[in-house]
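Right after this note come the structures.
You will see chain A twice below: alongside chain B first, and alongside chain C after that.
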Partner chain A sequence: MTSGWLGKSRPYLWWLAVAMLLCSFWGIAHAPTEAQMGTVQKIIYIHVPSATAAYTAFFVTFVASIVYLVSGKGRRWDQVAVSSCEIGMVFSAVVLVSGPLWARSAWNTWWTWEPRLTSFLIMWILYGGYFLIRSSVSPGSRRDVSAVLGVVLFVSAIVSYLSVAWWRGSLHPRSVTMTPEMRMTLTISIFAWLAFYVAALVERLGLERTRERIEEQAR
Partner chain B sequence: MTALSVLAKDLKLHARDARFLATLALFSLSLVLILSVAFGPLFDDPAKEASATLWASLFFAGVLGLTRALDLESESGGGEALRLTGADPFSVYAGKAAANLILMAALFLLLLPCTAVFFDVGSLDQLPGVAGVAALALIGYAAWGTLFAALARGLKARELLLSILLFPTLIPLWIGAVKLTRSLWADGTIDPVSDWVKIMVLADVLGVALAAWLYETIQEAEE
Partner chain C sequence: MTYAVVAYALAAMIWTGYFLSLRFRAAKLELQEKVTSR
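Then we have the complex of A and B:
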């Protein structure tokens, strides 16, 4: 599967992602303004979709790592895992920047040590470690070590995702009440960011393959 | 049987490396000293500050022990010999984790009385409870630490890389150990924070389960 469709540049995926993001921005511009927080509330249409895309990316890394470990260690799955993880890091960074902007307005502080924020930051640091270790190990063991990390580190993503339900005192709500327009805008935004994730993943896979080819030729 | 042999081998290697053990002991003691000076001389909440100092010192110093065990093995050629025997990977892991656990327990026994004296906390009645908390924390530390140390084996700046992976992963154990110890020292009971026992048990089980599944792959990657 991965050797055929994935990994080749697909311009129409970018067009689709851009079109959906434009729809999302149109929705953000026209969605009702929340009474208490005002315009700042609209950060949610970037914050939540980027968090969804980040969790999705790390889940794909997890699945690809498992498939790599159990299915004869095909290098394609390692490429999927590392590509998805890298994009997940970017989306997580967006979450970590947009979150404090929201928090300043909603909770009157840029940062607070509540479960979701803390566990998300820990997850981001850990996945940063994934790349540091990957770049440090010898090429011969790089894929195996990365696959092990791709599985182990997903524990932090699960903890982060479920932290709101597990710990009392989380400032992140378990559910929110929204008008239909707000909910529609949020749904479109989530799909737009996921489309952006897929387009970026396919592009990044192509780059990873090219990089590996060049490395092999250089050896 | 294999696990016991590996445990005996690792303990022997540590025993021959008395200079490192002395350095580790002094390093961990100096951490306790620095933190107690930073919090003191008048403590706002001695139980809280003492438990934070104890576990922070122990966890930081422990990283040196984790990497040293693997360095000693590489220097003696024991790791390569062990792989050639075709021993069950999980037994090898279990032996190494047990050796790390014993090293951490020895460090704990050194730091506990020092912390108790410096901060004037704790009593002999509370000792079994604190020992239980230590068992939960150190089993998890050894389980995750041995797994990550094997991943970081042979890398440049491995202490640094190991810390980046290990400390964030151990945060549930770290918080749990501090909260439970603090509760024992301040109130004599863990009832208000007993949920942390479940979280720590879960972290311990997860560490061992993941190692049982993945340690073989890590060993193969080293070859």
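Then we have the complex of A and C:
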């Protein structure tokens, strides 16, 4: 489906991502259990890496959109932007699903309208709008409109990321006290999910390129 | 323990669903490509 170096690198990227995820799962199984929260704390090893990957994905969308707008409509950058945005949405969904399970144990509630949770949910909904608008505008202006959205919507990601610092009294912790083993496991998990993000992005790019090729053939 | 297991299981389900949707879309495009090239 994908030609060139991108297609050739795909299996290696997947092997790397899977190997790193296996290391991460080994670390999660062997990391010490937190004294107060118990095993529920192990949600951190998927929650934080998924959030990191989501913010990274939206940042890539932001950069690719800017490059598209500046570089005189290089359509490859539009493909990167939309592919990265979609994967960012999936990572965000994992964050939104794993968060309440942790909150239930830590705060005794599934959901609370505190700044980080609210801004993250709003960000997710807004990026959902990116796809809604992209699919509803005419093919001629689709890329331009998407690029503008990719830039503008990144404001919501910045607000979400900095919400813990901006609004005092936020329930969501800025950092969690961890032992060196826990910190190491979290670091490995973050890198593993970032490798997974890159592999998924290449996979999704292949689909986008095939779609564009077919659209060109049909014209 | 249950919440942690549920979180990982749900994450696995989300990613499985996403990759299935990618496969489905790729198959649909391949079919479309065959029709277009005829």
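Note that in this section the second predicted complex is superposed on the first by the 210 of 219 C-alpha atoms of A that agree within 3 Å, B and C clash if a C-alpha of one lies under 4 Å from a C-alpha of the other, contacts with A are read in each partner's own complex, and residues count from 1 in each chain.
As a convention for this text, a contact is a pair of C-beta atoms (placed from the backbone, for glycine too) under 8 Å apart; a residue touches a chain by one contact, two chains touch by 3 or more.
Predicted, not measured: the structure shown is a model, and the values here were computed from it.
When the two complexes are overlaid on their common chain A, residue A:70 makes contact with neither chain B nor chain C.
Contact with neither chain B nor chain C is seen for A:19 once the two complexes are overlaid on the shared chain. Once the two complexes are overlaid on the shared chain, A:137 sits against chain B while remaining clear of chain C.
When both complexes are overlaid on chain A, the residue A:176 reaches neither chain B nor chain C.
By the touch criterion defined above, A:184 reaches neither chain B nor chain C. In the superposition on chain A, contact of A:162 is made with neither chain B nor chain C. Shared contact residues of chain A, touching chain B in one structure and chain C in the other, are absent. Within the complex formed with chain A, the chain B residues making contact are 147, 151-152, 154-157, 161, 164-165, 168-169, 171-172, 206, 210, 213-214, 217-218, 220-222. Chain contact summary for the complex, chain C toward chain A: residues 1, 3-4, 6-8, 10-11, 14-15, 18-19, 22, 25-26, 29-30, 32-33, 36-37. Those residues of chain A whose C-beta lies close enough to touch chain C in the complex are 1, 38-43, 46-47, 50, 90, 93-94, 97-98, 101-102, 104-105, 203-204, 206-207, 210-211, 213-214, 217-218. Residue ranges of chain A in contact with chain B, taken from their complex: 69, 118, 122, 125-126, 128-129, 132-133, 136-138, 140-141, 144-145, 147-149, 151-152, 155-156, 159.
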